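Below are two complexes that have chain A in common, paired first with chain B and then with chain C.
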Partner chain A sequence: MSTVTSASAPAQAARVSEPRDIGAIVKFVAVLIIALVVVSPLFLLFVASLKPDRFQILADMGSFRAFWVTDPSLQNFKDIATFGGALPFGRYLVNSLIILFCTVLGGVFLNSMAAFVLAWGRLPGRAVVLTGLIGLYIVPQESIVLPLLSLVNKAGLGDSFAAQILPWMASPLYIFLIYQFFIQVPRDIYDAATVDGASPFRIYWSVFLPLSLPVLATVAILLGIETWNQYLWPLMVTQTDHARPISVGIASFFGHDSVYWNSAMAASVMMMLPVLIFYLAFQKWFVSSFISSAVKG
Partner chain B sequence: MTSHESPRLGKRLLSHLGATSMLAVGLGAGLAAAEAAELKVMFQGDPYEITIITDVAKRFEAANPGTTVQLINTPHDAYNEKIGAAVSAGSLPDIMQLDAPFLANYVWSGFLQPVGGLLDKALVDDMTASNVSQGTYPIDKELYAIGLTDSTVALYGSRKQLEELKIRIPTSVDDAWTRDEFEAALKTLSTAPGVKWPLDLFRAYGTKTEWITYAYEPILVSMGCDVIDRTSWKATGTLDGKACVDAATEMQNWVKQGWVVPQSAGQNQFYAEGRPAALAWGGHWFYAEANAKMGDDVVVMPLPKFGDKGASPNGTWIWSVAKTASDPAMAGKFLSFMLQDPAYRDAYKAHAGFPGLKSFAAASPLYADKGAMAVAFEQASKSAVPRPPHPAYPTITLAFQNAMTNIFDGADPQEELSKAAKKIDDDILDNDGYQPFGQPE
Partner chain C sequence: MSSQASPMPGSASPGSGRVEYRRKPLIWGGRLQELGMLLPACILIAIFLLVPFLSSFEIALTNQRLIPRPVPVRFVGLGNFQQILTDPAFWQALWNVTRFTILVLPVQCGFALAIALLLNQKLPFRNFFRGLFFLPAITSMVVVCVIWSTLFQYPTGPFNQIVGFLTFGLVGPIDWLGDPTWAMPSIVLLSAWQAYGFQMIVYLAGLQNIPETLYEAAELDGANAWQRFWHVTMPSLRQTHIFVLIITTIQAFKLFTQVNILTQGGPRGTTDTLVHYMFTAGFVDQRLGLASAVAILLFLIVLVVSLVQRFVVRDRR
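On to the complex of A and B.
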């Protein structure tokens, strides 16, 4: 009896787990396909960046040879990693990092201050300001490029870092995101700090900011991605290499009758690497930031 | 006395010295200000061209002390947007490069000034007829732009393959394939071993570029029509006329027969492994790509003669002077210096630049007699047709590109060309005819 029971139990278990196994396999294959679709362009980009012959890259396109390099070389990277000459890519990369750092730092500070005032300040017509602010979010960047360009030129800020940092630090979306977080902080905390004699700025700086690290990280990540990928605005506002970011620099490899695919690929890898490293290091924050912005935004 | 006077004298001397110094400094500054000039030069190009232009600007500065050249290197794909932004912001550069077919639009809009009188006469006299045509505004017949280079499209093939299949290889424009010969060649090549498509029309360049109008309009012209009537400047009756509809139907048939490389296959099918495409309808720049992979087997042939006459495209990025230039004479001096600079020319020669100046052609072995691209250069004097020099060109090219894309995808040619013609005429009407265009001379 016991033998029968012990023999039938695994068989029963197998019967039960079979559909689950098939489901897991299907899921695995689906995930694998999606992963391949996502990773293959990046892999192709990386492989192509190791081929110094631009004509070879073109010849290999459309076949599996595009994903293989027989004679890998770092020559493309050496050629573009310069701080002088006609296309100083090293400089473009540093420029991008400067713009990114200043925009994110200033953006987190400005947006959170504005959100604090909207959430806790004694501002007349606060609801109107807030509604207006949310309304501003639907205005696309492209529609304000020309008036903004005119404004920047009149202010004497053309072709500068400031022209690429100042207009984009404050954003209705990020103010609203932080505002939503701030209004959830219990009133008692604010009142206790006031009773202790803290000024509004002190309350913002010492109480609310430390409490808001998750939402500030969300804003920093979203603003960082937005800034790093900016193309239209820096294209319009920069004239020389002085403050030109890498996103605009890459476009210079696409001429009217020739494309320097080898250099473009190497430059794209250079542009992608900091983001990739940052993403791998802070993967958890990235995921939570996208979830929180989706839920709250 | 001396002891009393000397301080006074000293003071007087000092004051004189001070005044003289100030005068000298003032005069010097004034002179320097008079001599100092800054030229803003906006251009586009690949890294090779950017280096060439950067270097020639440095040589110009060295040859003209006190003058600085500020180079505004703008990515090719966003060049027109950048010009639009510069116009809106009132900050057009002194010198700007522009794509030849857009010249009429810029002149009509009042952005440019004639350059004939600003350039060295020898340089203007050295221009090829095709170069003059791409830089001339049809209303006042003045030259508004100049280039060292020009462009064309030729037919590329494999000498070995064509000889094996006993297909005649034309060697001059006069000798170009006729329509029947061209179609017979496509038919023969379509059944040749290893050939997937007998013809690459480079559909992969897509509609974001000028390619469709640039490379296919000559087929229309060769068949006896055009995208617009160049006298009345009306598209209806011309673009949707019988000759153009026949031409578009003909091209659509090539696609229907499976003879044309599809847009999704990329730009490399002529020389990719196994050579899936037998012939390539490619720009002069394509020779370098093909030659790098196929060596001397690449043979360059003139575009076919579909009707009584052959036609080929021309036009490239040329140099102009803005109407608002702070010092037009200096701008002309810079352009004259650059286009005659030996190192600048050598750099373009090394990169197979298609000659727009006769002296440059004579010094370019690739395009000279017996050169591999000689027949392509022959087209510049015998069959080159500029794209319509009209302010509505941005609309003309967009409408034609969309129509041809739809026709290639199977749409009715008559319907598509009629829609395109209406779109063009509507734009012209909306702008009151872009007067004085369309007015009796």
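On to the complex of A and C.
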């Protein structure tokens, strides 16, 4: 707890001049240790995924052997990275990627287009639409999934990719996020484009879209994470492996008497890796995305 | 048509009111194009959000099944609500999710604030640490469940080893997820670990908005680190606290994934939640009408919490 209290004083270092270096090192080491302890479960996951023996994984978990692997093997991944059989995690991963790609691409496009019209269009009734969208934002996904499931089944869309993509592409929250960005664009930019006689879509496509990459990246990241982590909806809507995403696939390891921990660990790494790679590449964007969703939500 | 030439009205249009020069032929084409740009998103939202939402109010008044039976659907009035509100399992689920919220709020937000304070000082590789501490937040809950169920393993998992070591073997081993006393606290712990990153960066943003001069003034007055924390940092974070508490509360009331995967609402219903109750009623038992009634109650809870947020934030402005 002592680290926490001293943490509240950014200016503290200025007062003590002599032991500052030692203090700084101690502080640094303390933060490092806390960080390593906090993220150690993720480290354990990656280590365990390289152990082919499922009983060994459990036996090691309770000791420091959990932190290293004597003879690393990719056998677990080879066993499950298939497109058929009992654990077709190759297929689940591809399904998840298809759903992710379509949802994010379509979502960014449709939401930004709608936001452009709401911010700069001349259609009558825009204010009503905007108010309606803000009102709908409050409705949680959890409270509509069952009526939606009944609807989707009636439309013959059960167990399909469309049922996992179409419902979550357009979203009041993201329209509103982009809308708030668009209305801050100086009026002169819009005027200049209209004087040139450009059509609304052209203004949107060649003037506003290039200007709004930060907010589009924010929406892509938030929508992407949301889509990747969907669980309740695909759990209900998918009945076969045909369109089942990896989250539901991993959950199916549970509920048996003996869990195949080696396969479950490898599957979890498969689900984690794409996000991790993306996160390492765009870390700054990730964090700022979550902040802007917080400030504006 | 005359409105076309006038400046755009309403708060939605930024900038000063200036006469717009437009050529006539563009007007109709332009309007149609705008309609074509606005409609796709609106139609999707109408079909997949508005219609299910509105129909849930209708379905809740019937005995409709998820997969229709040959028997005609019967109007049952408020029967579903009556059945839910007299079901002890529903009240237990409501109590469980309330208990979860009460437990997870201080754990998750307190931890997030502590880490944010830690990262808000002069520190080498600060961005690296921030990135590291944010990792659990981008980890899917399903993956978190896989990892943590091995950590909670009975009887030789790490948590049991640590507890046994700290108490010289007097306590434990505990079946964390299988013991009615410990199942919910275990769910709280892993949920807080997965989600604290979001609150952490919100607190970090809040901390960076506190003017340095406040700390300098406090220091001149002889305030120590503890006093500066309680009398400068905490009051300055008031808005952030409110926001974080509301967001975390709404998240907490939707608790489902980890419970569905790890405990199925058990043991003895101690981790059953509102969404899990709804899922069981509507999906497992196929009772769509009953589940829709639960969905409406869930919506009302979220609505009330959101309205409280609006009220508190406006009060401050």
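Operating definition for what follows: the second predicted complex is superposed on the first by the 258 of 297 C-alpha atoms of A that agree within 3 Å, B and C clash if a C-alpha of one lies under 4 Å from a C-alpha of the other, contacts with A are read in each partner's own complex, and residues count from 1 in each chain.
Rule of thumb we're sticking to: a residue touches a chain if its C-beta (ideal position, glycine included) is under 8 Å from a C-beta of that chain, and two chains touch if they have at least 3 such contacts.
What you see is a predicted model, and the numbers here were worked out from it, not measured in a lab.
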Joint occupancy of chain A by chain B and chain C, clash or fit: clash
When the two structures are overlaid on chain A, which partner does A:M236 contact: first (chain B), second (chain C), both, or neither? both
For A:L45, is the partner it touches chain B (first), chain C (second), both, or none of the two (neither)? second
Taking the superposition on A as described, I'd like to know which of chain B and chain C A:F208 touches: first, second, both or neither. neither
When both partners are placed on the shared chain, which of chain B and chain C touches more of chain A: C
According to the stated criteria, A:R65 is in contact with first (chain B), second (chain C), both, or neither; which is it? first
So, does A:L87 touch the first partner chain B, the second partner chain C, both, or neither? first
A:L110 contacts which: chain B (first), chain C (second), both, neither? second
Which of the two partners, first being chain B and second being chain C, lies in contact with A:H256: first, second, both, or neither? first
I'd like to know which partner A:R126 touches here: chain B for first, chain C for second, both or neither. second
Touching partner for A:F181 - first (chain B), second (chain C), both, neither: neither
Residues on chain A in contact with chain B in one complex and with chain C in the other? 58-59, 61-63, 145-146, 149-150, 153, 232, 235-236, 251, 253-255, 259
Which residues of chain A touch chain C in their complex? 3-13, 15, 24, 27-28, 31-32, 34-35, 38-39, 41-42, 44-45, 48, 57-59, 61-63, 66, 110-111, 113-114, 116-124, 126-127, 129-130, 133, 136, 138-140, 142-151, 153, 166-172, 175, 183-188, 190-191, 194-195, 197, 199-201, 204, 225, 228-229, 231-232, 235-236, 247, 250-251, 253-255, 259, 261, 264-265, 267-268, 271-272, 275-276, 279, 283-284, 286-287, 290-291, 294-295, 297
With touch defined as at the start, can you tell me which chain B residues reach chain A in the complex? 40, 44-51, 53-54, 70-78, 81-82, 85, 88-91, 99, 151, 265-269, 271-273, 283-285, 288-289, 292-293, 316-317
Which stretch or stretches of chain C touch chain A in the complex? 3-4, 8, 10, 12-16, 18, 20-23, 26, 29-31, 33-38, 40-42, 44-45, 48-53, 55-56, 59, 64, 66-67, 114-115, 117-124, 127, 129-151, 153, 156-158, 160-161, 193, 197-198, 201-202, 205, 212, 215-216, 219, 225-226, 228-229, 232-233, 243, 247, 250, 254, 256-257, 260-262, 264, 275, 278-279, 282-283, 288, 291-292, 295-296, 298-299, 302-303, 306
Taking the complex as given, what residues does chain A use to touch chain B? 53, 55, 58-63, 65, 85-87, 145-146, 149-150, 153, 158, 232, 235-236, 239-241, 248, 251-260, 263
